[in-house]
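Chain lettering (A, B, C and D) follows the sequence in which the chains are written, and residue indices restart at 1 in each chain.
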Amino acid sequence: MADKKIAAYICQGCGLGERLDTAQLAKIAKSEGKAAIAKQHEFLCNANGVQMIQNDIDNEGVTHVVLGACSRRAKTDAFNFQNIALMRANLREGVIWVRPDDEDNRETTQEMADDYIRMACAEAKFVDIPESSNEQGLNRTVMVVGGGVTGMTAALETAKAGYNAILVEKTGALGGMAAKLYKSIPQSAPYSTPADSGVADLIAQVNSNDRITVHLNATLNKTSGAPGRFAADIRIESGATFTEQFGAIIQASGFKPYDARKLPEFSFGKTPDVVDQLGLEALAQAANGAPIKRPSDGKEVKSVVFIQCAGQRSEKQGHLSYCSGHCCSTSIKQAMYFKQANPDTDAMVVYTDLRTPGAGGEDFYRNGQQQGITFTKGEARTVTINDGNLTVKFKDLILNEDVDMDTDLVVLATGMMPNSGVDIEATPAKLDENCKDCSNDEKSGAVAPVIQESVLNLDYRQGLDLPQLVTGFTDSHFICFPYETRRTGIYTAGPVRRPMDMLQAQDDACGAAMKAIQVIENSSKGLAAHPRVGDLSFPRFRKEGCTQCKRCTVECPFGAINEDEQGYPQFNESRCRRCGTCMGACPVRVISFANYSIDSVGQQIKAVDMPDEYSEKPRILVLACENDAYPALDMAGMNREQYSAFVRIIPVRCLGSVNTIWITDALNSGYDGIILMGCKKGDDYQCHFVKGSELAHIRMSKIDDTLTTLNLEPARVATYEVAITDMHRVPQLINDMAATVLRCGMSPFKF
Amino acid sequence: MTEVVATNQTILVVGGGISGMTAALEAAECGKQVILLEKNPSLGGRVSQLYKYFPKLCMPTCGMEINLRRIKANPNVRVLTLAEVTQVSGTTGNYQVKVKLSPRYVNSNCTACGACADAVTAEFPNEYNYGLNNRKGAYLPFFMAYPQRYVLDPKIIGTADADKAQAACHCGAIDLDMQTEEMDLQIGSIIWATGWQPFDADKIQPYGHDRFANVITSVEMERMMDPMGPTGGRLVRPSDGQEAKNVAFIQCAGSRDRNYLKHCSRICCMATLKQTTYLREQFGDAGRATVYYIDIRAIDRFENFYQKVMKDDNIKFIKSKVANVIENKENNNPILRGVNTEGYHRYADEYDLVVLAVGMQPSVDFKSLGIDIVVNDNGFIEQNPHNGGMFAAGCASDALDVNRAVQNATASSLRAIQVINQVAGAEG
Amino acid sequence: MAKKEYSFYPGCSSQKGASSSNYLKSANAMCDALEIKLNHIPDWNCCAASIGYAGGGKLPRISLSARNIALSEQAHPNQDIVATCAACWLATKEASERIDHDPQIKQEVVQVLDAANLKIKNNKPVRHMVEVLIEDFGYQALGKKVVKPLEGIKIAGYVGCQTNRPFGIAGESFENPLYLDKLVETMGAEPIKNYDKKVQCCGGALAFSEPEKSQAMIKDIITSAYDSDADMIVTPCPVCQMNVEVYQDQINKKYGTKFNMPVVYYSTLMSVAYGKSAKEAALDGQIIKAKQLEAIANK
Amino acid sequence: MSNTAKYRNDFLKEVEANVEEGEWVKMCMQCGVCAGSCPLGNAWEHTPQKIFMMIRAGKRDEVLSSDAMWMCTSCYNCIVRCPREVPITHIMHGLAHYAKRLGLVPANQPTAKFAQLFWNNLSKRGRINELTLGLGLYFMNGFVEGIKTSIKMQSLGLNMIKTGRMNVMEIFGGHSVKDTSGFHAMLQKAEEIEATRIK
């Protein structure tokens, strides 16, 4: 690319001109910042100001633009220049809006601005304009794992969008669980009666669709590659194996029913007349509209009791802690089987909370009552067998009395358990290390102790399958970005992601297909996936410097990095989310991005003008997550809250990208205090890169040694979890550190 | 005149809440041309008015920041605010859409410096805070507002305030001559992400929201908790500004009730469970909550959240639809009257504050708008082949929590792309 | 203005020498002032009120009202049925709706009426006198007729149950109906706006069979009126009027209260405000005298 | 007692067949708003919602011999607040009537007696004779009780008479419909049809 040419533009609008000596800022940009061009403008973001900059880019060959104006979050539509690197020195939200407008503070406020210009110029010197590596290919085929309703829907929706799908099903037939249903919960108004599941139709569509290739009795032997260039060895029944190439993966591996034999209190297994919901579906399929017969003696069922939440919503060992969501509606549907075959059949549902949410749900509940299904709020205790009949013992919570009720058939509404494969974060090795945790999980009933076999068999450094939540479902951001798993280009859909009914599973499949074709398009252009969508930068490493310590491969939250046989990292660019956690992890600092590196930040830290020990002008460095902490600081400015003029703030992609060298360098170059601001970590993590904040906290917990060797007070370095709404808190944190510094005194390391 | 180029390969997303933003972005990040319409002055929708999300208790603006950054970075999305669809004609892959653009009286020069707001005096009920406080006639709806541009309330146009605002602006951003514009768009596929509105609590007469100061709604409570909200993040009694430490929550306020909304709004149980944690967050051991419910509908992993809340001794659950609320005339305390159906305990419980967990109803009445789309009798759009190239996203399709709304919006995005790709295929 | 005519169903309690004969008297005075002509349904019968259910099943009770409707159709084909008594109005309106909604009942009712040589179309609205006042006249028009504003009298509007639920007056809330307050205001008196027992049940017919339970509720109704310092209570319902007025001394005995709160009908207030004499307004029918009204009436 | 009937629908079906609006009982979702809205709720043995649950639980005797439905003041609070629009007041009246028809009403249930007196009174002459109704009420628990009550009610009676709102002459007949024969024919026909409906 052309030689680097830096130009700095200082805005005088929004009061910057009155509050700051902009001429001095321009001077600094030129003299210290080595900017070839440094201009001031009374209103940089208006058409004329923007044109001025564009002209310099077009005619003067400017490659790096430094804007001394408002926050990088403001006026983005105006400052939208192509093919250049843009630095934003935040003089408005970050300087004049957080400082009092009076003479006493004029000097320190100006110093803030001076430094931000120095920092922006320093950054400019060390960033390049990222370009795609062209490492990845374009393959408009999606592999769908699982041939149930979710998988088939995903394949069909993908095909409908003009892409190809490979459907891999481990059994001998398509249809999955839905094929075992007599009828399904109605999916549209008036929600009054069980509906055809539509599975047969789906299967027919799949088989007749020439964009879809189906492999039955097939499993994934080995899955490798990255979005745009995945490859899988598929083993079929014969034992033969062949390889398929594809651009993205949808994991629709579905669920398995909870093993009702774990509920001896309900006599499951002791008599055929106690069934789970799938068992009842089998009976209904057999009866096919005629009155349902009782398995033990073939007599018509005159009375049936449905026990909700069997082995669910319970913290007993071996039970499921969560609610499977569909079971209330399913019981209503199944009770309708009986009522519609013979209205005189007594069908009763014993529940603690009847959960039929949404518009259709409540209609279905009401229609169930209309058809004569009775509902009893109660806690089922036991089911016992006496001379061929069943007695259900339950507590009626409304009449507040214990009841023994005789009935012909009992249906247990047991839960869904995800087929999410191997729990890679609870590998045997790990179990040995901290057995407490996993056994706690088991005690809490969060995970049922079942030996899983891998679904994807990923050839990834970090394990065979996707990371799981404590409940065993696949991990994702869940609320705002439900499809963002921790493996780029692999999207889960259906009950493997969260318990759900068929309607939701089909919606979910459609959404996953959306993400799959999207990642195919973007990866082919070298564009990053969520959340840094469109980012062209990617991690590179200096092999000669690498010590094969494997920290980058271990710590990457997205399993993007493999190791070659000598243990050197292999960055799979399109698996990478560009968070920089690897860069933060590297002890020898050989990992960098074109526009984000140890230097691009480190040099900003060094660029700050450091007053001497006796100046009474300490310097506090803030490394702030650009996703939450930095916006919070911005809004503090918008709210005109004030904080110390001694602070210098640098936004980082994620706290996970913070390399401890920045901290030690800062301390060595005389900073008096350092604050790291990241997102919430832990089970309810808010970090957009899942593990970044957590890793940063771990790394910083070890910084104390550095401090003691420098014999500085530990209080000088603090790491905080900050939320984007903390606009009142962040100034406080800064001012607290200013106070701490005052208490500890100035750092002796100012040279 | 606003210039917007659209073709029958353009996707129109109506509604700029979390569902609309998601639908628009997923398509745009797949290389499609998208127009995102929002009737309010800024994007964000209902979630931007929430303090926290369940079950993670994280901040809605956190995800919104990411989505806004995605929008800022993506040339494929064009955002039109203060925009409403007035008419739709045509068919799949070839819709003609009439759009009405209301004047903002502030142009793209605005730097959000706030000088205009400082200059004006007249105040109006703040719709962003459900009228719990006032805002100026020149205002930025909220700090995260995008476009980050001030708005002039039409009510000040022609008044002295309008001129004051214009005089105060150094950026030439205020244009008092802006007029309402009509716009015709050629569109391939339409995604209705028109969202929901809280059920009007005044209609639930037995609970006296219209008569008693200390009976508020769940959405009002969210605004109170927001550090930038009308009470600066303090949960207080509207009657006297005292801290509300002992709070009752009434579930199904309007929902599951044939006198009001016959459907279950799905989110209210979790919203209340979430809000009980606000009391502990704000008042520690002094915070107490009592939840009056019919069924607690905390499905899937939400159940774990419910279990956690149930372990808190300061939070009580009473299975009872409250019969009515009366007011203690001495201290304006609301008194809840009813029967605990588990064991028949008659109660008349007095609290500092009552929160009505109000239900969700669709924001748009598609029938009256004359849009030819299949709507169920709860007013939600049903998936139906008859809808052609029009799809619902989020709460236009059902009462959904954010997670499900985003899931549904992503799906709708693909459905729209399928239409566009077929059009493209046909056009070669 | 031409007289407005209605097919009037007076009901048992309004008959001469019956417990709410004073209601009918004042209603007549009020109607005279408003130029309303009430044409009594010939040979009307009891509606069974809300207490007839023990002896009378669904159909027998409905047929009672059906007979009245049929007689009204016969005598006044083009006039709405109007009742002053809450129970009469409710029973008749309920019967009319059930006949309308349930074809089987309709067919049975036809059979039953045939035994009394009557036919029914069931095509007339069944209205309460208050509806006539509000909907056919309106507060403004009602106000125009006031010649003696009831200045300085604080009046608690006790709506009670059956004029309010399940049908109620159009546009009014079941929990907080405002029409009595508006009427009071229209007559120049001062309504007790926050009277919080305005829809509290008085026990209805159970005042006879369960006196203790009913009088406990009546006590609250009166206490609340005193608390919001009302001078008197106004009501649209004969049962309410009787229960709240006549048991006051028994309640005083039982609870040691000193109740002496006049309870009048809206028609009493309006007759006085319209300049009718104390006699025409049936003030002599008050067991607890409404002295302020007498004073105004005798001015 | 045997469990077989428990929570089976036999009684529910009986109620649906024989009780006014009985087919609505199954629609109750046990929210309890009726129980909380009833002005005499505290006086009942069982509130409406509980009665509905008992019907589903098959507690026939307990329900039909309960005094609960006789406590209904017909205030209609339950009906207007019920989220399922269950006509609770009518069901209560219906249950009362059905219990009475089956002779299961608790002895000396005052409202049951009064309600019956009221019906007899009106069906005799087509219009209520308040005096005889009142006296009948006082004497419904026997002569001695009657005298006591009369004395207790004396001042009330006098007040009513003074204000012209009670007429002692009614003892000799009082108000009546003219077409008594038609009236009685009608009621008789209605009773007949009603009777055929009971299963």
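The criterion applied here is as follows: contacts are C-beta pairs under 8 Å (C-beta built on N, C-alpha and C of every residue); 3 or more make two chains touch, one makes a residue touch a chain.
All of these numbers come straight from a predicted model, not from anything done at the bench.
Peer 1: Quick check: more C-beta contact pairs in B-C or C-D?
Peer 2: Pair with more contacting C-beta pairs, B-C versus C-D: C-D.
Peer 1: Averaging over Cα atoms per chain, report the distance between chain B and chain C in Å.
Peer 2: Chain B and chain C have C-alpha centres separated by 46 Å.
Peer 1: Can you work out the whole-Å distance between the CA centroids of chain A and chain B?
Peer 2: 24
Peer 1: Once you find the CA centre of chain A and the CA centre of chain D, what distance in Å lies between them?
Peer 2: Chain centroid spacing, chain A to chain D, equals 63 Å.
Peer 1: Name the residues of chain D that each touch 2 or more other chains.
Peer 2: Within chain D, the residues that touch at least two other chains are 29-30, 49-50, 77, 80-81, 84.
Peer 1: What are the residues of chain A that contact at least two other chains?
Peer 2: Chain A, residues with two or more chain partners: 354, 366, 377, 398.
Peer 1: Where in chain B do residues touch two or more of the other chains?
Peer 2: 206, 256, 319, 324, 341, 344
Peer 1: Thinking of each chain as a vertex joined to the chains it touches, would you call that graph a line, ring, star, complete, or other?
Peer 2: Per interface graph, the chains form some other shape.
Peer 1: Which pairs of chains touch each other?
Peer 2: A-B, A-D, B-C, B-D, C-D
Peer 1: Flag every residue of chain B that touches chain A in the complex, lowest number first.
Peer 2: So the residues of chain B touching chain A come out as 18, 26, 29-31, 51, 53, 55-59, 61-63, 65-67, 69-70, 72-74, 108-109, 111-113, 143-144, 147-148, 170-172, 226-228, 256, 262-264, 266, 295-304, 307, 319, 341-344, 376-378, 380, 382-384, 398-400, 402-404, 406-408, 410-411, 413-415, 417-418, 421-422, 425.
Peer 1: For chain B, which residues are in contact with chain C within the complex?
Peer 2: 205-206, 208, 211, 324, 326-327, 329
Peer 1: Which residues, counting only chain D, touch chain B once they are in their complex?
Peer 2: Contact set of chain D toward chain B: 29-33, 35-37, 41-42, 47, 49-50, 77, 80-81, 83-85.
Peer 1: Considering the complex alone, what residue numbers of chain C touch chain D?
Peer 2: Touch residues, chain C against chain D: 12-13, 15-22, 43-46, 48-60, 62-64, 67, 108, 111-118, 161-162, 165-166, 174, 200-201, 203-206, 208-210, 213-214, 217, 246-247, 249-250, 284-287.
Peer 1: Which residues of chain D touch chain A in their complex?
Peer 2: Chain D residues touching chain A: 3-4, 6-9, 12, 26-27, 29-30, 49-50, 53-54, 56-57, 84.
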